[in-house]
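Labels run A, B, C and D following the written order; every chain starts at residue 1.
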Amino acid sequence: MSHIDIEITAESGLELLTNDEISRLSEHSKGGEYELFKKCVLAVLTSTQVTDEISFHEEQLKLFDIEVLQLNKGVKLKLKNAPAASLVDGKMIQGLKEQVFSVLRDIVFLKQELESNSRIDFNSSNGCTNAIFHILRNAKALRPGCDPNMVVCWGGHAIPEFEYQYTKEVGYRLGLRGLDIITGCGIGAMKGPMKGALIGHSKQRISNGRYIGITEPGIIAAESPNPIVNELIIMPDIEKRLEAFVRLGHSFVVFPGGVGTAEEILYILGILLHPRNKNTPFPLIFTGPKESASYFERIDQFIADTLGPEAQEKYQIIIDDPVAVARATQQGVLKVREYRKKNHDAYHFNWQLHIQWDFQEEFVPTHQNMAKLNLEADQPIHLLAANLRKAFSGIVSGNVKEAGIKEVAKHGPYTISGDVKIMSQLDALLEAFVSQKRMKLDADNYVPCYRVINPQSKSEPATV
Amino acid sequence: MSHIDIEITAESGLELLTNDEISRLSEHSKGGEYELFKKCVLAVLTSTQVTDEISFHEEQLKLFDIEVLQLNKGVKLKLKNAPAASLVDGKMIQGLKEQVFSVLRDIVFLKQELESNSRIDFNSSNGCTNAIFHILRNAKALRPGCDPNMVVCWGGHAIPEFEYQYTKEVGYRLGLRGLDIITGCGIGAMKGPMKGALIGHSKQRISNGRYIGITEPGIIAAESPNPIVNELIIMPDIEKRLEAFVRLGHSFVVFPGGVGTAEEILYILGILLHPRNKNTPFPLIFTGPKESASYFERIDQFIADTLGPEAQEKYQIIIDDPVAVARATQQGVLKVREYRKKNHDAYHFNWQLHIQWDFQEEFVPTHQNMAKLNLEADQPIHLLAANLRKAFSGIVSGNVKEAGIKEVAKHGPYTISGDVKIMSQLDALLEAFVSQKRMKLDADNYVPCYRVINPQSKSEPATV
Amino acid sequence: MSHIDIEITAESGLELLTNDEISRLSEHSKGGEYELFKKCVLAVLTSTQVTDEISFHEEQLKLFDIEVLQLNKGVKLKLKNAPAASLVDGKMIQGLKEQVFSVLRDIVFLKQELESNSRIDFNSSNGCTNAIFHILRNAKALRPGCDPNMVVCWGGHAIPEFEYQYTKEVGYRLGLRGLDIITGCGIGAMKGPMKGALIGHSKQRISNGRYIGITEPGIIAAESPNPIVNELIIMPDIEKRLEAFVRLGHSFVVFPGGVGTAEEILYILGILLHPRNKNTPFPLIFTGPKESASYFERIDQFIADTLGPEAQEKYQIIIDDPVAVARATQQGVLKVREYRKKNHDAYHFNWQLHIQWDFQEEFVPTHQNMAKLNLEADQPIHLLAANLRKAFSGIVSGNVKEAGIKEVAKHGPYTISGDVKIMSQLDALLEAFVSQKRMKLDADNYVPCYRVINPQSKSEPATV
Amino acid sequence: MSHIDIEITAESGLELLTNDEISRLSEHSKGGEYELFKKCVLAVLTSTQVTDEISFHEEQLKLFDIEVLQLNKGVKLKLKNAPAASLVDGKMIQGLKEQVFSVLRDIVFLKQELESNSRIDFNSSNGCTNAIFHILRNAKALRPGCDPNMVVCWGGHAIPEFEYQYTKEVGYRLGLRGLDIITGCGIGAMKGPMKGALIGHSKQRISNGRYIGITEPGIIAAESPNPIVNELIIMPDIEKRLEAFVRLGHSFVVFPGGVGTAEEILYILGILLHPRNKNTPFPLIFTGPKESASYFERIDQFIADTLGPEAQEKYQIIIDDPVAVARATQQGVLKVREYRKKNHDAYHFNWQLHIQWDFQEEFVPTHQNMAKLNLEADQPIHLLAANLRKAFSGIVSGNVKEAGIKEVAKHGPYTISGDVKIMSQLDALLEAFVSQKRMKLDADNYVPCYRVINPQSKSEPATV
């Protein structure tokens, strides 16, 4: 891969900064945020291949350099050793340029702006929701007055081709219905729905389709945002990212995935099971191709066994029928519209939904935190869901996040314990993920990063 | 395939008609044009599959019915037994609706409008060019004041997958450079560049990319316009269609194809070799993947042998390098821009290019007309090119057009004769097409529709 | 007034012409249409003063020259000795440029285009309406899909300041309600409503307000279109102009005026009284300031006496209340909307309204034609209205149109005769106009161009 | 004047607020800001008359009430006893609604937002400029990438009709050249240029003309923003308002006025005379009709006598020639463009211009502050200009601002003293203003609010 130096001028709302802001930006970008900023920008710039996603090497990252220039006219970035493929005839591809400035906006600018604002408070539930609104507003992701049409698609990045094709087909059917897409902005089930929707929109002559990718610093550097993403938003951590999804989306489609997808499912069930959210319409569909039916059977069984029928009522499973998924999604969106209209609620942000502090606070998956998770049966189901969510979150971290991988390398697998029956079901589910090769891209050599303390487990010796 | 009845209201400039116009339209659509109109609309409506192009059956055509309704408010179409796949939740897909009304506009409305205009005259060279301008203007395809950026892509519809991928890759590189695409609007090399450009445009955040498909009644019913086409234009016959390409385009890329592609190449060379066009810049690139290099070697050889080095100077061959093709195309476009600017010429229509009457008059490939083609060596090369073009045109007709196929079935293959050396080269070229399976989609059972009268030919017995 | 030479390039839909069209345009503009074309363009170019309307002198017209240049790129106009005030720093004011090309479009281009179209037929009622649609469509004045909001304002050009202020105030109130304005495009009651609406629109932040001026060659040269007019349309003669008003407008407001206004009133009453238009909603309001109340009392009396109460039901008189006028107008527009919606009728053109041939055929006010007008009482009232309209039309011509003035100078005043009672009322009305100084701008020296044969008339001697 | 209750929903960037922001807004609006907020909104709502500007009475203000409602959907205002003339058929006029929300944005929302931002610092020169940028950016008044075209027009509100007509004519000529207008947003010379430009823009078919009114709380309640203003910005005090003018504008036109205009002239001269601004192009034109020539002669003399020829070089005086003013303005704008382009400077904000702290700090015109102003001759001229500016500022306050009027009522006229020659010239200038009736609208009964300590003054006794 060849490299090149280039200067680019601001986008994404950074066209208008005071001299002080630019100066702080410049300083900040050289300081503590520098490495993260560089990583994220390089991730964006290496996503340019049409047919494949090649991530960058450490070597590249060392060579790559980025400098924030201060002009009276605004901010300019000077990139050194940027991947040449991000340019066309000496000019950076517009979509990538926008994504680069989204990184600057969210990683560097926003961070220090939030710090300077005494009203921003991530340490309370209400403050957290307000801060998320701030970030989304600053990214111009909130559009008042527009009819609800945002579909959040969740699912794995390491999925087989036939599942990818299915996500694309569903996206196509959603796009034909004028629906926009939000995903986690990587590959697999995060890319397929966008690609499909792009074709659907194009056939319906919709030229302003939105393909929103919401990511977080711990993930973006590993998973390049796919190039269809035309609105890239980087939330501070996984909890804020998950909240951004549910506040922004009007309907939710979950494709097969691994532990990350399970985390998302438990997250949303935990919220929906809270008594205050009982009556809020929240369309939630699990779907996959025929061949993946067993995946959702497994998940459904796990939910039935751990959280019970009340939880099962919160979602609908549709197998191998993209048109039915699209129709159900659209009907769900219409119900949301009606409900918010009746309640004089905003279309652009789901203020009504109650999210407990437990779901908002950053969960740091240390061995200690993982070990002391309360996974006993004698607690309200929305709390059990919350804790199961954390367990899955820890496993995701141990699988793919830099920090988690290091922890596990140092201290061995996480220990998770709790109610015997729940442990047994959890163990079975994780085992199924392993055998379905849903844990990591390099599935054949997967070594589990967790150990379920469950006397009945047949697989225990294998996980050590 | 399920069917459905539906009513749709006017688009494509047919929103505003006088009562008389609607009444004539309605009458006309029931009269002589009815069958053609039906066929074309059905062709449009059966192009909705994402992954494959299924053409319709005779049976379907019989069931399908279309009626023009006259309202004070405008024109409405009533479709009976339309393919259900053309609808989403009871509403016709916008892109298809626009294409349907483009058919109505060009096949029914325009035809009778041109008849009523005493100034339209298809029987002179100048009149013909003016009429083509009329048709393109009526289709809103001419946009004054826009910088030149239209790339015409020619090539076969029956091409192997790796050639298709190559056309897509070239289209992607053109799209990244902000160039728009014009093709013959079917599959293969007519679809690939559009699909690639769509992705390229999307990455550059160009939301108003143009994907123009120019077709003609004899072809559209057999080759559904692909759904990316957002401007469908139906010219009266193949000669007008070819002229529309060269008047509208600013740069020309030719991919591998069969006889049809050879016809296009001879057509454009015949024009460029005319002394009056000597100084007009006209970027013309032949390109294909590595594996198809031999195809253009063959063509190049044929041109060298029959028309000589002057003809060879008119084009450039680039093998297996999409980026180089895109760059050369863009440079060509800039040269065209400069030239027209200097000469106070229009950007939107190539008035300067001289096209002889010979290239404009409809050539009807009867056995008699084919037999009496002058393919002798003792004529100006631009006339020889013109006659060779007609020979290829006849073979295309005998291969895939309804009328030609019937003629050949009745009277046997066409006879083509002329200068011994030219005949021998023509024979060799055609033979190569046959052996490269470039003659028809069902290549293995191809029975030639022509006979080259060439004493040296080894292949002659095979062609009988 | 200083003069200047300038070249301007095409607008108003003339950007895209075939070479043949430009060539015919160029020829035509030098031929029979030359004088008329020049006059109209000069009229447009002399309307640039902010505070006053200065018409041009014969001397200026002689010096002024206009040439249509043919470029491959399109059409260009070369103006010699154009009024310098039409330019700002060497560039023609955009609004004037657009108006100049509207003149070219309607006077030169359209004329010859209509001639070349065998389907255009001004000699039948239906053909006439279709031709009017053609002209309006060509001028892009028809906009399908827009909600009805066009208010036609009629009234005199030679009105006192307080009446002018009143028309402005009414226009302001209409503009505040988002209504657009159509007038005859000169000064007085044709300018006031536009100026008022401009301010109203600006306060409502409506930036695309339409100020349509519909004129005809016999009038435009004498009455410069005021500079607010952003859509100038020139109909072939007074009858087509009147029909264009009623087909295009959704609501009608009549301000005080002279014989011309009376002509308009009789014209519309004649149409509305036709049995076929009985149920068509057609909002028609007569309004003026307190001081002008007597004007409409006089008109109302005349209608009562000649056409009777059925005619009086067709309109509403509102004195000195601009807000009430605006409200009634808007309610009328809403009724029209409902009615057309229910009847699947177009919003952009009133196809439903039946207009008799009598109202469409050009009435040439020769002495003979005026003398033989049937103004007897024993005919259907809609026919009587039609004939009274013609009588007024003749008087307008004798007052202000070049042809009429010459006729009267040669043969003396027109003679009008008929039913004794009607003649007496007509006589009284005309006398009132004379005494109210509504006949001509130079009111004090007015010499009537007509003679009402009415034995009871006290004023007869005076009119000779 | 009748009154009415109404609810209106947010505009001006307040469509998207967090629940916390709305809640703070609601609280704030009831608290300390309530009276000011009410006053300003009422000022906006009473500016609806076309022909005249009626300010509101104390009585009205008491009846009038305004409440900020908090909805999940956003913010809503509930107005009680609003002037009925601000509504059309029950809906508030869009332009007024926008202005009302601009008041809310700048008076209530912005204030508390700035307070919460630890980076905003009004106590340093750089901080002040950054804060002004913040306010303008928040009002969306900064548009990066647009060519310079903003003309600041200064001049009196209490001017005779012929001067008003002149400002309108100049505005018309500026508008014809595509220039936008910034004024202080009241009547007189603040309204005329906008009204003229509106007509000029309309003739040039410019539909997005900008008419920016920059005001401050101490003035807006007394001077309603005129209804043409389509961007209303309220700066915290007179110094910030003056800085906003010079940072935003590209060219400056000064019409005749009174002490306020003199203050503006001294302000800008003080800045331009600072050595660091020596080379910055800053087009500054003083202009008025023939009859007002003496006004600028007087001012020019005063500047010559006090600040000298260096100061006189900073401006150009053009008498009675609107076209020359417009041309000079446009040339000035082009020079600014060139200069900023060359220096890579922003077009949207004049960062380069150095403004001393002395011009930024709020000057509170107490008797003590006025008395101790250093008006001696032995100081750099840019400092003398700064102090003279303060003297004029105090007189404006004593004339028309609530606080100043009270001070003077209590303690008698301000005392101004200094260099004998300067005092004498100041005295003469002020006297001229009094005799030209430029001090107050009610000019005949003007009682001076100042006393120039100048032994030579003949007028001294009169000012007591």
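By our rule, a residue touches a chain if its C-beta (ideal position, glycine included) is under 8 Å from a C-beta of that chain, and two chains touch if they have at least 3 such contacts.
Everything numeric in this text was worked out from a predicted model, so none of it was measured.
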item	value
Identity of the chain that, by mean CA position, is farthest from chain D	B
Computed distance of Cα centres, chain C from chain B, in Å	49
Inter-chain centre distance, chain C versus chain D - centres from mean C-alpha coordinates, in Å	46
Inter-centroid spacing, chain C versus chain A (mean Cα positions, whole Å)	64
Multi-partner residues of chain D (at least 2 other chains)	none
Contact graph of the chains (line, ring, star, complete, other)	ring
Chain pairs in mutual contact under the definition given at the outset	A-B, A-D, B-C, C-D
For the chain A and chain D complex, residues of the former touching the latter	15-16, 18-21, 24, 71-74, 116-119, 126-127, 129-130, 133-134, 137, 142, 144-145, 343-348, 351-352
Residues of chain C that touch chain D when the two form their complex	50, 88-89, 93-96, 98, 169, 172, 176-177, 198-199, 202-208, 227-228, 230, 327, 330
